[in-house]
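There are two complexes below, and they share subunit A, which is joined by subunit B in the first and by subunit C in the second.
Presenting the complex of A and B:
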């Protein structure tokens, strides 16, 4: 199984970076080989161009970017999903991580 | 039942319209551009703080003036070129949002376009002189700085937009044939669009300058920037727009969609003008600025939710609420409150939506009238929005402890105001769980 790269995205990349830490913790517990990082909406293009990305998770507060970003991800075949509001609020790293894995097709 | 569906309809329509506004490509590019250059304005705040609060503590007269050269130079490289910087950056962001590959090319055209519309001759006051003289061969800090910010934005957007549009027209691409190395023909691709855009701006500027003795910078500033700024940063206009943005966050969509586009540009101009005036020792003009809003209207994040956290901590018996509070308090100190908004939750929770929107209005009104009555200084330093409450009040007002007292007072009132709504929310939640 290869390393998976999960990109989280919100307005300033601040609150998602909080979630990144929780997800990393969950990943260690679940023994997942994964790289997780957060970025801002305006940094989205740059990160996408310069890094390996296997799936994108949007904070619910920027769910309005979903359509636009999906369009940009279409060619690269990268799946995108909006993080569940409750899981986001409770900063539930494990649930969001599992949501990401489901998005990438299991494992 | 019909009532509920009407409410649902309102939420849907309100959210959809807001997103449409916020996602409009030029406004979005503007938001991106602001995010990119914000560090410079925060640096300006730091420079002003060191120059006008820190140095005067132990320096006087000539030595003070000598030391203050440091901060003055920082102001030159930040506030005084605000318009010059925003033009290419907004052009760059627009190109990126339009998925146009040569974003740097668009940025160059935006920058050149802005300089083209600058007045050819300026009036200037010589040092030690009393009468203004006409000079040429100069750009003024006023035109390329804070005052010219809107002009920078508009010219930057127009130039980049035209450039991108023209670049996509196949017919006007210069084709050099197959034998010419691709890199060479590549360099010709943008030639005609560049010539066309800059020439057009030059023609308009020349006509305005020669025929009407005016320039685009002046026109944009007086006809667009000032009316917009006056309305949107007046007390009612400001509170209305800010509250609409906050209400939107109550429906799960980030308030920056509204505030980042309708408020931030004009509020930032006010902040920057205050910083500039404070740095120069002039009269500080504005009460309502971007940092005024951040400091008094979003303690602990949008909705001043730190008040809710403290109210919960003191008076709530509901385990779930206390759990979220524990989780949210540390990010809340740095004004990040997504855990509260989505976890508590505030989203779609009508009892809590009321204080979420009203608490900031109360605090802002208190702070506004405290400033009007001269009980505290105006905000003169841009501090990052992640600076914890109380510390940010002290720094933003150039070290005025009375601003901290105002913040503390607003905070206590905010806690008291949140309590009854928190109790109602818990009752509703309890009933829902029983049902």
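Presenting the complex of A and C:
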């Protein structure tokens, strides 16, 4: 199984950074081979162009950008999903990690 | 940062973000001349903003009573979300009015 790259994105990449830490912890516990990082809405294009991304998770506070972002990811065939609001609010790293894996088709 | 403090911060960010998102959807609806939907979305947006505001007011009340809230960058960030949502909502209200006038 290869390393998976999960990109989290919110307005400033700040609250998602908090979530990244929790997800990394969950990934260690679940023994998942994964790279998780957060970016801001304005840094989205650059990150997408410069590194490998297997799936994108949007912070629910920017869910209104889902359509625009999906359009950008269409050619690259990268799945995108809005993070479950409850899990985001509670900063539940494990649940969001599992949501990301589901998005990438299990494993 | 303890969990309770994090919950307060996330409470503001989530509700403020939600309010902004709903206002944005309302604007989209108004653009399509669906003013009934726009109104409904703005009502929902108001509810979200009120919730974010409640969390904020609670902190302000405590502060006034001498119970100081710990401040860090995340709390500043949450306030930033709230302010942005309030400003955005005000602006969207005006824009919906304009779309309405334009449609008449």
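In this section, the second predicted complex is superposed on the first by the 107 of 107 C-alpha atoms of A that agree within 3 Å, B and C clash if a C-alpha of one lies under 4 Å from a C-alpha of the other, contacts with A are read in each partner's own complex, and residues count from 1 in each chain.
As a working rule, a residue touches a chain if its C-beta (ideal position, glycine included) is under 8 Å from a C-beta of that chain, and two chains touch if they have at least 3 such contacts.
As the structure is a prediction and not an experimental result, all values here were calculated from the model.
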First, second, both or neither for A:45, with subunit B first and subunit C second: first
Among the partners subunit B and subunit C, which is in contact with a greater number of residues of subunit A? B
Looking at the overlay, what does A:89 touch: subunit B (first), subunit C (second), both, or neither? both
Going by the contact rule set out at the top, does A:59 touch subunit B (first), subunit C (second), both, or neither? both
Taking the superposition as given, does A:15 touch the first partner, subunit B, the second, subunit C, both, or neither? both
For A:68, is the partner it touches subunit B (first), subunit C (second), both, or none of the two (neither)? first
Common interface residues of subunit A with subunit B and subunit C? 11-12, 14-15, 18, 59-64, 85, 88-91
Going by the contact rule at the top, pick out the subunit A residues touching subunit C in the complex. 11-12, 14-15, 18, 59-64, 85, 88-91
If you look only at subunit C, which of its residues touch subunit A in the complex? 6-7, 9-11, 13-14, 16-18, 20-21, 24-25, 73-74, 77, 80-81
Enumerate the contact residues on subunit A facing subunit B in the complex. 10-12, 14-15, 18, 40-42, 45, 59-65, 68, 72, 85-86, 88-91
Could you pull out which subunit B residues touch subunit A in their complex? 19, 22-23, 31-32, 35-36, 93, 96, 99, 249, 252-254, 256-257, 324, 327, 331, 336, 338-345, 347, 386
